[in-house]
Amino acid sequence: MRVDGRKKDELRPIHFEINYVKHPEGSVLVNVGDTKVICNASIEERIPPFMRGQGKGWINAEYSMLPRATEQRNIRESSKGKVTGRTMEIQRLIGRALRSIVKLEDLGERTIWIDCDVIQADGGTRTASITGAFVALVLACGKLHHTQKISKFPIENYLAAISVGIDEEHGAILDLNYIEDSKAAVDMNIVMTGTGNLVEIQGTGEEATFSRAQLDQMIDLGEKGIAEIVTKQKEALGDLVNFISANK
Amino acid sequence: MRVDGRKKDELRPIHFEINYVKHPEGSVLVNVGDTKVICNASIEERIPPFMRGQGKGWINAEYSMLPRATEQRNIRESSKGKVTGRTMEIQRLIGRALRSIVKLEDLGERTIWIDCDVIQADGGTRTASITGAFVALVLACGKLHHTQKISKFPIENYLAAISVGIDEEHGAILDLNYIEDSKAAVDMNIVMTGTGNLVEIQGTGEEATFSRAQLDQMIDLGEKGIAEIVTKQKEALGDLVNFISANK
Amino acid sequence: MRVDGRKKDELRPIHFEINYVKHPEGSVLVNVGDTKVICNASIEERIPPFMRGQGKGWINAEYSMLPRATEQRNIRESSKGKVTGRTMEIQRLIGRALRSIVKLEDLGERTIWIDCDVIQADGGTRTASITGAFVALVLACGKLHHTQKISKFPIENYLAAISVGIDEEHGAILDLNYIEDSKAAVDMNIVMTGTGNLVEIQGTGEEATFSRAQLDQMIDLGEKGIAEIVTKQKEALGDLVNFISANK
Amino acid sequence: MRVDGRKKDELRPIHFEINYVKHPEGSVLVNVGDTKVICNASIEERIPPFMRGQGKGWINAEYSMLPRATEQRNIRESSKGKVTGRTMEIQRLIGRALRSIVKLEDLGERTIWIDCDVIQADGGTRTASITGAFVALVLACGKLHHTQKISKFPIENYLAAISVGIDEEHGAILDLNYIEDSKAAVDMNIVMTGTGNLVEIQGTGEEATFSRAQLDQMIDLGEKGIAEIVTKQKEALGDLVNFISANK
Amino acid sequence: MRVDGRKKDELRPIHFEINYVKHPEGSVLVNVGDTKVICNASIEERIPPFMRGQGKGWINAEYSMLPRATEQRNIRESSKGKVTGRTMEIQRLIGRALRSIVKLEDLGERTIWIDCDVIQADGGTRTASITGAFVALVLACGKLHHTQKISKFPIENYLAAISVGIDEEHGAILDLNYIEDSKAAVDMNIVMTGTGNLVEIQGTGEEATFSRAQLDQMIDLGEKGIAEIVTKQKEALGDLVNFISANK
Amino acid sequence: MRVDGRKKDELRPIHFEINYVKHPEGSVLVNVGDTKVICNASIEERIPPFMRGQGKGWINAEYSMLPRATEQRNIRESSKGKVTGRTMEIQRLIGRALRSIVKLEDLGERTIWIDCDVIQADGGTRTASITGAFVALVLACGKLHHTQKISKFPIENYLAAISVGIDEEHGAILDLNYIEDSKAAVDMNIVMTGTGNLVEIQGTGEEATFSRAQLDQMIDLGEKGIAEIVTKQKEALGDLVNFISANK
């Protein structure tokens, strides 16, 4: 039994609140246990300079935490005048992951900005951000499609992410909360598509190492967790799921 | 009749959701019409260098907007690497206003950080921030008092803020939403205590001017609005109101 | 009797030294008591991006203090690498105030940069800056008009500013010097036109509050002071006053 | 046959030039094919604030490229005034990897700074940096041990890193050069110890995905490559290898 | 005859206005032709970290121009968020030059900050700054000595600076104004003591070169000019000259 | 006899390793004693905004040190977020010196970027940078000429630099190493052409002064040293020397 009573391969409750903020083209508040992230997708009718003239779109992600999303208050990055390495790593990961399931040619020459703002943190904020950002992205594409700005729906597959880890007491566990994450010897984030392909895998043993057998156990857990999350995403998206290529 | 059907002296609906985020010592989500602000109060057992050795506490406020709190997405201040002048003005105003009703001697040598994060904006975000920040501050002081870290409750009075303005069509109006604010000839923010004293008044005629008679009408509206808001704050705070000096 | 022997409603001596620096289109050294500010107006034949295509001009203000304008030396903002909140508030105020009495359509698509550099400070530097900046602005418009770059003189009214406050010993007082400002319970800056309309009013009770009666007394003093300052501005401007619309 | 004539599981030639720069406690120029990185280890008799009072040491890494290490000249990060996200990711990775094989308690309260400066780049700069940084670190520890500043040698195991990837033409390949890296569908960096345990694994399909079978093939290649690199590291380190715990 | 009617070896008129700003311990407005610089010396009872524990003082200089000191308005360095290379070069030069004639042991453990703010520029601002800064420095030392904070006067010699150059039309010329400076093939700044020793010499042929014979002519002119400036400094300093060691 | 056994007028051994890095159009590793600098020249087919429309090229230099090029590790300028004054001075000097012997009209509308990266420092890094940068520049021009992008070779003369100084023990000495530089009373850098003309002279007496006689001795030494360095440059450049105008 884990610290919050879950089994080793059990996710925390997941909930999506669709259209959470009124202005963005796509908006969702995602709850993964006590981790809460507002994911907003904004459409900009422009692409960054390095993408021009290719007839393709772009997806860019930004990630931030409210100062008191955590147990201890953090100094705002705007006050520091710079974005930390951790934030940069996370927002690069989110953007890369989303681009892997989007056909950028079908998006047209526009950028979708994904803003993931953590309002309450209890472990797994980067994976919750990817999971929620996917939903916001589909909503925004739905709006583009509905207003006929795009003719082909550019989302090719589902996308979700989850953390797994190795814990001295329980071995491999799924979906670590903050307490578990602090104690874990190995921490791994897995991003997969709705059809079970890997998109990104990042495993780290801070002051520790892990064997290939442990790696395999962690990926097994990740596959199981992501399949369950994708089911929840489908419920939240309703009719929009019909447009996603992998679903056809 | 105003654009949203209100009368000239009518506030938008106000709602406080207490303990919105779990980590902060005081937390509230305040809704003023479609304007939504998370106000968190965090206690730090330290004071800034310029306050040391005076046996007094300090209150510091920070304000930010999610990039897509507004109709158009704004670039994050952390990405720009600096805080804008508008943000600085607002956070200085919030801090100053709160300090006016706190007996800093009774707070002890600690800082209360107030974080106001606008998640959805529809005009009046700075006044909603002050109104909500007051509630978060009282909650945090309640926690200090309950755990006996302070012996005297340091809040001397209620505090709320509202915007008023001059509109070509309706003259003086109370609590401007975004559309009204964009068109107003004069824009004024009023901060008052629960017993009707002024704390801060900032009136601006951008490319316009106003007479003393108009000034008086605006202050009349502000007084009425603030009295109504304070009533709502009392409901939200429940038993804690008994500790506020002005209430005794 | 106040600390420097003045009556409650008495201004400090004001003096304008016209054409103080040789390069700017408009330049004045304004002395308000021991507060000395160089106000330079520079014409740039361009407007900022957000103003393009509207056939209008723009006025932008910057404010700074020499490091040793004050009793204690301040670190330069260029060394800090950023502009403080106080500076931003002041330069936004100066720009906004000046724009309220300029018909931007008559200025043409150009920017007038106003630089207010305080070389010696003794209270009231922001109001002295506005008062001096108005003179520099009129001089620069005079040059534009004289060289026939503009056909209609764009200045519609006089503009001046003064501080007022509440002092424990004297009550409401006009034009606070540094010592008075440090002790005042309430500090208010008033910007008015030459015909007595309000342009901006900013009243603050840092760790204090004030009543409507006190507000009224302060505005009365401000009106009196500004009328006297405008008389001095007219003397300094000489024949140029004939072009100001409010004067016709 | 790959673009440079190598087999799929073949490394590029690796060479270590020990004591390359004279000042650092540990210095090596590592060549992996045409990729050349100067790795310097500097001992500082201080630890960062967050580590104080734990009786442990710390290892911190920084990474940079000369502007013309690459085909196109890059703007210096010092000129931009900020470090890019890519650089931050890499230097966090190097530091984390090195710390995994160091017993920080045995290092004492000091910091070892690792500087990896790429003077010529042809793919795999981050893995070459880890491989070279390990050698520089051991040299620096050798100096500490030789001068009896530490009594126990703090290095517990060998550490090396290599890139693997999936290429449309060849499938899984080992040690990608720049041309291969540009075309690869999947790019993975693997960090392992000398005894075959995983320390870090980062696999990314930019605009692509990969199966578990492909993941397994890539890890197989990585294991083979790292074993060969460790052999080269041992040759370069000479007698110092006797102090490394895993060797005993 | 030069552009302003001077002879080749003729200085522009120099004037010092002592005690120009009231707060600094030493303050002077120096005019060299149309170049005007406010030089303020501020005493801080602290020394920078790298000087601690040596029983010596320090002198630090900062230099800035008002945005419209020049023909074209320059963007403020505080707005840019960084100090330009030119400014850094100049302030390092001023500090170094002043330190060469001060016995830092006799200053005690305190810093004298020298602020040179150019309010009007017409060539030679860096040399005028040094010339004026020397006067401000002596005034500040006079105050330290008068209040008996120091027992020995720490100024060992006079110090002044001047520009010289090579002009196609006139050959070597002394004290270049802005027009001459723009056209000169070679530009040299010379800093010397009151007894004719060199402190600093910086000669530059931007897109040009110069012979040793030309170098000698320029130094001859510089020696003549500096002797004349030192005479003016003595007049300005009055009785304080008696304390300067070189004068005894 | 000096600390390393040299005579007063003796250079340290100089060596140029041509084509040190493979990507740049011109690349050299220059060794002056234990000072080692990588000098890369990169051609960019663009000129900076202030040079546009003049039909001329531009040369821009940047200078940096690896953190551990020196005895003590220095913090990276990219980590500090800004370039120091010393770096700015040096890179401005290198660029200016190179431009003095280039006919910018013959370069065409392109920029040559010179990057001088010190990998090991033992005094004289700025003069070694100029000496090496000249070689890299000629190599890059050779490439432009060979590929017929330019028809006239734009290099008009040789260029080299050396440090000289005044030492208490030996008087004037040539080519100071780090130990000598630390103790020298006067430090001077001289840049000259291959035909003996001065390009730049910068002499500084930090907390010291020097006479004209000493100045003359130092320049004599500089002339001798530079002639010897130019001979070495010619050997390194081989056939390319035939294109340099001064050689014809």
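Every chain is named by a letter (A, B, C, D, E and F) in the order it is written, and numbering of its residues begins at 1.
Please note the rule applied: a residue touches a chain if its C-beta (ideal position, glycine included) is under 8 Å from a C-beta of that chain, and two chains touch if they have at least 3 such contacts.
To keep track of the chains, here are their UniProt names: A, B, C, D, E, F = Ribonuclease PH.
As the structure is a prediction and not an experimental result, all values here were calculated from the model.
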{"item": "Angle, in degrees to the nearest 5, of the Cα rotation that carries chain E onto chain F", "value": "180"}
{"item": "Label of the chain whose CA centroid is most distant from the centroid of chain E", "value": "A"}
{"item": "Listed chain pair A-D, E-F or D-F that repeats interface A-B [over half of contact pairs the same by residue number]", "value": "D-F"}
{"item": "Centroid distance [mean C-alpha coordinates] between chain E and chain A, Å", "value": "60"}
{"item": "Mean-CA-position distance for chain F and chain C (Å)", "value": "52"}
{"item": "Chain F, residues touching no fewer than two other chains", "value": "81-83"}
{"item": "Ring order of chains, beginning at chain E and proceeding to chain F", "value": "E, F, D, A, B, C"}
{"item": "Complex contact set, residues of chain C against chain E", "value": "21-24, 27, 34, 38, 40, 42, 44, 62, 64, 66-71, 73, 76-83, 87, 113, 115, 117, 119-120"}
{"item": "Residue ranges of chain A in contact with chain D within the complex", "value": "82-86, 88-89, 91-92, 96, 99-101, 104, 157, 193, 197-212, 215, 219"}
